[in-house]
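To keep things simple, chains are lettered A, B, C and D as they appear, and every chain counts its residues starting from 1.
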Amino acid sequence: MLQGFGLPARVARGIGKNLLIAPEGNTTRLLLACPDRPGLIATASGFLADAGLNIVDVDQHSTAAGRFFMRMVFDSPPPGDRAMLESRFAREIAGPAEMEFSFSESTRRKRVAVMVSREDHCLSDLLWRWRNDHLGGEIVVVVSNHEDLRGEVEAVGLPFEHVPISAETREQAEHRALDLIGNVDLLVLARYMQILSPAFLGALEAVGAPAINIHHSFLPAFVGADPYARAHERGVKLIGATAHYVTAELDAGPIIDQDVVRVGHEAEVPDLVRIGRDVERLVLARAVTAHLEDRVLLDGERTVVF
Amino acid sequence: MLQGFGLPARVARGIGKNLLIAPEGNTTRLLLACPDRPGLIATASGFLADAGLNIVDVDQHSTAAGRFFMRMVFDSPPPGDRAMLESRFAREIAGPAEMEFSFSESTRRKRVAVMVSREDHCLSDLLWRWRNDHLGGEIVVVVSNHEDLRGEVEAVGLPFEHVPISAETREQAEHRALDLIGNVDLLVLARYMQILSPAFLGALEAVGAPAINIHHSFLPAFVGADPYARAHERGVKLIGATAHYVTAELDAGPIIDQDVVRVGHEAEVPDLVRIGRDVERLVLARAVTAHLEDRVLLDGERTVVF
Amino acid sequence: MLQGFGLPARVARGIGKNLLIAPEGNTTRLLLACPDRPGLIATASGFLADAGLNIVDVDQHSTAAGRFFMRMVFDSPPPGDRAMLESRFAREIAGPAEMEFSFSESTRRKRVAVMVSREDHCLSDLLWRWRNDHLGGEIVVVVSNHEDLRGEVEAVGLPFEHVPISAETREQAEHRALDLIGNVDLLVLARYMQILSPAFLGALEAVGAPAINIHHSFLPAFVGADPYARAHERGVKLIGATAHYVTAELDAGPIIDQDVVRVGHEAEVPDLVRIGRDVERLVLARAVTAHLEDRVLLDGERTVVF
Amino acid sequence: MLQGFGLPARVARGIGKNLLIAPEGNTTRLLLACPDRPGLIATASGFLADAGLNIVDVDQHSTAAGRFFMRMVFDSPPPGDRAMLESRFAREIAGPAEMEFSFSESTRRKRVAVMVSREDHCLSDLLWRWRNDHLGGEIVVVVSNHEDLRGEVEAVGLPFEHVPISAETREQAEHRALDLIGNVDLLVLARYMQILSPAFLGALEAVGAPAINIHHSFLPAFVGADPYARAHERGVKLIGATAHYVTAELDAGPIIDQDVVRVGHEAEVPDLVRIGRDVERLVLARAVTAHLEDRVLLDGERTVVF
C-alpha cells in the first residue's frame, strides 16, 4: 500500500498507543463530542487539572462541518471520588457545551460476546489475542448457530453456546442468543452468517452494546450474491475487508477499519475466498481493539478513530 | 497492505524482471494465448530451441476455464531471419493450436502518446520515468485540451499539442487529436478529463493502439458525480486507483493494476483528492510499464499480467 | 510498503499459486538447478511431453552469474512409472547438464516438526494454518524446552514433547529431541530460544531435513544482546522479521522471507516486542509454506523463491 | 507491510493533518519539550485560551523516561501581539517548566536549500511537490557539485548553483556553498554524494538550519562500500531508505522516517539500485514535509514525529 504523507508518525503513535496497555496503569478514558468552539481543550483539560488529575494522553479532532471530538486519558481518581467527578463534569463542562461524553476506566475490562458460524479464521485470531492479553477486553462467551467450533472454543476455557437458527425459529433463537450474551459491552460478529433482526439490534442498543461486523470488500464493490465469483470475472487486483458497526441497513454501518490484499490472474474463486480470510481476521481484530480501548467515536455515518 | 502467501517470491520476480531492462539486451518477446492442452510449453519452447534461439525467460498460466497463456523472452534472431521465424511459427505451431500470438523486439521501443487535461501528477511521474529510461517505452507526444502543462512538457523536449474540445467541436477535435497522436503503440490517458467517443476508440483500435486510463477507486465504490465527497460522507478508510484498458463502457475495461492509500477521519474532501494523486501516479506508471514490456494479455474481461 | 514495478502481477501469481493447493490435484514438482545454457527449458519440458505428462506450471530463473533454476509442476505419472521416469531423467537430462534435481509429489505431504520455547505467537499461527489445511504440509510433533505450551498443542491433537535443556544436558537433550523429531522433512524453529549445536544440525542434514528459523530484524540491524532496547534508543521507525534456513553461522543462513511493521516514538520497548510478534508469525508462516510447496532453491548464500 | 494495531486511525490523522495545509489558514505552531509533570496540557492550553486564541490541533506525547512533548496549532494572534505573546509564554509557562519551545507561523513558509549530485530521483520528486504546493515550504536554491541537473532545476524557475568540490578544494567549496545557501531554514541533501565537514555542519547549526539526508537501508544493514552488491550476495528480500538529521557521525543522526520495498532473486545489483530510488524519493519527501510542518521534535538520539 502506498504510504501517505505524515503517515509514519501516526502509524508510530497508533501502534505505540494501542499497545501501551500495561503502562497505562489505572487510567480513565474520557470521550467527548460537541459543537466546535474556542477554548474546549483548555476547559476540559483545566477541569481535570483543577481536580488534581494528571492527563496522560490527549487526542482531538475538529471537522470542517464544525464538530469537535476529543479523547483524554488521565490517571484515575480514587474510586470514591469518581461519581462526583463525573457529575461535576456533566454539570460544569458538558452541559454548557452541549457535550456527549463517556468515562471509562482502563482497569474495568470491557466484556465481549462473539457470534460465529462455521469459519474460524476470525474467531481463532481473536482468541489468540485474548489469550495473550492484547485484545483489550474480555471475551466472555461464544455463540454459534453451528456446533463446528465448540472444540476450539472450549479448549481455551470459554463457554460455547450452540443456538441453531432457521427462518421459522429466528425469533426464539435470537431471544435465546440475547439471554446467553447477556450483559456485555460489545458483540463481535466474527463471520456470523445470519442477518440480525431489527428487534435483536434494538435489544442490544437498549443494553448499550454495539455490534461490530466484518465483511469482504472489493474495488469495485460487488453487492449481492456470490461476490467472489463476480470479483473473479471482473479480474480485480485487490480484495479487502471492512469492519463496521452494525446498523439496520445491511453492511452499511459506520466503517471502523478497512484493508486489502493483492490478488491476481492466477487466483481462482476458491483462492480469493481463502486469501480474503487473512485480511478479514486482521481488520476485525484491529477494529475490535480500537473499540475496546475507547478510540472510536461516531460522527453521523462516519467514525473518528483516535 | 497485508502480504499474501507466496507473495514475496513473486514480488521479487516481478520487480527483478520488470527492471531487468538493460540486461535483457536484444531479446524478442512472444506472447501467446490458446485453448489449454498438454504439451504446449514443450512445443513452443522446442520450436525456439530447434531454431537455435536461447530462451531467457518464461511465464505461463492456465485458467480453470481452460485457456492457456504464455510469455517467452528469447535472444533475438538475426534481423534477416525474423520474418521467416514468425511465419514458420504461425504455420507450424500457432495454426494447429488455434493460438493468438505476437512477437515484439525489446530493442524496438514502443511509441506512447499521452493525453492530459490540467492535473500534472500522472504526467509528471511518467515524464520522470521516461527521462530516466525506465518507463519501458518512448513518449512521443503529449496532447491536452488545455494549455496549462505546455511548459512542463516542452521543458523535457517533447512536443505539446493543444486541442481544445467542447460538445460542439468534439468530432473535429478528436480527428485532430488522432492526427497528432498518429502511429503510436499506446495511448495513455493521464488524467484526461474528456470522454472518448466510440469513433475515436475505434480509430485507435484500427491502428492497433490500446488506451490505458486511470481513475480513482474506493471501498465501497462510488459511481457517478463527486465520488470524493461521497467517499468522505461514508467515511471510507481507503481510497485507491485503478488502471485499466479503455473500452466503450466507461471505466469498466479490463483492470491492469490497482492500489490503495489509507485515509482517515481528518482527511476532508480536498485532502482526499490530494492524497489520491500519489496513488494514481504510481498505479498508472506501473500499468503502463507492464504493457510496454509485453506483460499483459487479455482473458475476456480480465487481464493476465506476467 | 512501497509497491515495486511489475509487482502486482507477481503478487497475483504468487498468491494464486501458493493457494492453488487443491486444484493442483496429484501433481509432481520437479526442482532443478544447473549451469545455464541454451535449450534447457525445451529439453526438460520436451522430456516430460515425450513421457505424455502434462506440464501445469513452470517457473524459471537464470542468474547473471550463469546459474539456471527451474520449477516444473506436472500431472503425476502412474505410481508404477515414477521410479523409471526419475532414473531416465537422471540419465538423459540431469547427467549431461550437471543438474541437481528433486521430484516430489503434491499428494505426499511433507512432515514437519516444530520446536518452540515459551512464546506461542508463531506456533499458534502455524497450528491454525495447519488445522485449516493451508500450511502446505503436516505438523507431526511439537518439541519444547518448556511445559508452557502443552495445552495449546494437545488441544489440537498433536503430540507435545517436553525436552528440558541446559548447558550441562545439551548433548543428551539434543539427542532426545532428534529421536522425537525422527524422520521429518522440515524442522521449524518457532521461537525456540536455544542455539542448536553443529552436531544437531549435522544430524538433521543427514536425514535431509533443513531447519527454518525466524528472528527479528531492524533497520539498521542490531547484533547481540537486547536488540529491542537498542532499536528503541536509536528510534527506528521499522522493525521486522527474517525467516531463513539455519546454518552453523547464527542467524546468517539463506533468507527465505522478510517483512517489516512500522513503529514510532510512542512504542516503548515492551511495545516493540509485542508488535514484533505479528510480523514474525506472518513471515515464518509464509516461509514455511513456500518451502513445503517446493518453491525454494538455494543459490549459494541466496535463495530463489518461485 | 504488515499493519500494526491502532494504525489505521493514525494513518488517517497523519494523512489528514499533513495535507490540511490550506484549511489551517493563518495558524501558529507551538512546539515544546520539557520534563513531564501533571498539568502541562492544561497550563499551556489555558494560557492560549486566556489570550483568546483558538486551539485548532493538539498532539502530545510523554516518554517512559519522563520527558513531555507537545505540538499545539492555534489561530495566529494579530501580528502586533505576537512578540508579547511569546515573551509572556516564555516568562509565565516555559520558564517555570524548564521548557524548550518554538513558535512558527504557517503563513511564513520555511526556506529550503537542496544539495544534490548527479542522480535526480529525489530532487525531481521534491520539485514536483513544491510546484504543486504540497511540500510544505519554499525551495529557494539548488546547489550541486555537478552540472548535470541544471536544466531540470532552471526549467522550474529555480536558481541552480554549480559548486565543484574535491579533496583539495573542499574548504573553499563549502564556504561558497554556505554563501549560496545563505539564510535558509532547512538544508535537504537529495543524494548529495559528498561528506559535509564538521565546520560546514557547525555553520549551518549557527544559523539554525538543520540538514536532512537520505540513504539506503537494508535488513540486515551493510555498512561501508558497495552495499547493494553485498545486499545482493546476501539475498535480502527488502531494501529500504532512511531519512535522518545529519550529525557529525555519518548516517547515524536521529531517524525521521524509513520505508522499504520488496525485492527478490531476480533483482541483480543494478535493479536493486534502480528499485531503491522509488523508496528513497518517497521517504525523503515525507521527512522533509514533516519537518517543514513543525512535526518533528528531538528526544536525544530519537525523534518524536507528530
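The rule is simple: a contact is a pair of C-beta atoms (placed from the backbone, for glycine too) under 8 Å apart; a residue touches a chain by one contact, two chains touch by 3 or more.
Predicted model only: the values in this text are computed from it and were never measured.
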Contact-richer chain pair [B-C vs A-B]: B-C
Chain located farthest away, centre of subunit D as origin (C-alpha): C
Inter-chain centre distance, subunit B versus subunit C - centres from mean C-alpha coordinates, in Å: 35
Intercentroid distance (Cα basis), subunit B paired with subunit A, Å: 40
Sequence positions of subunit C contacting 2 or more other chains: 1-5, 7-15, 17, 19, 23, 61, 64, 134, 237, 257-259, 261-266, 268, 275, 282, 305
Subunit D-touching residues of subunit A, taken from the complex the two chains share: 1, 3-15, 17-19, 23, 38-39, 41-43, 45-46, 48-50, 52-62, 64, 134, 257-259, 282, 285-286, 289-290, 293, 295, 305-306
Touch list for subunit A against partner subunit C, complex: 1-3, 8-17, 19-20, 22-23, 120-121, 124-125, 128, 132, 134, 151-152, 155-156, 237, 261-268, 270-271, 274-275
List of subunit D residues in touch with subunit C within their complex: 1-5, 7, 61, 63-64, 217-221, 232-238, 240, 242, 254-266, 268, 275, 278-279, 282, 299, 301-305
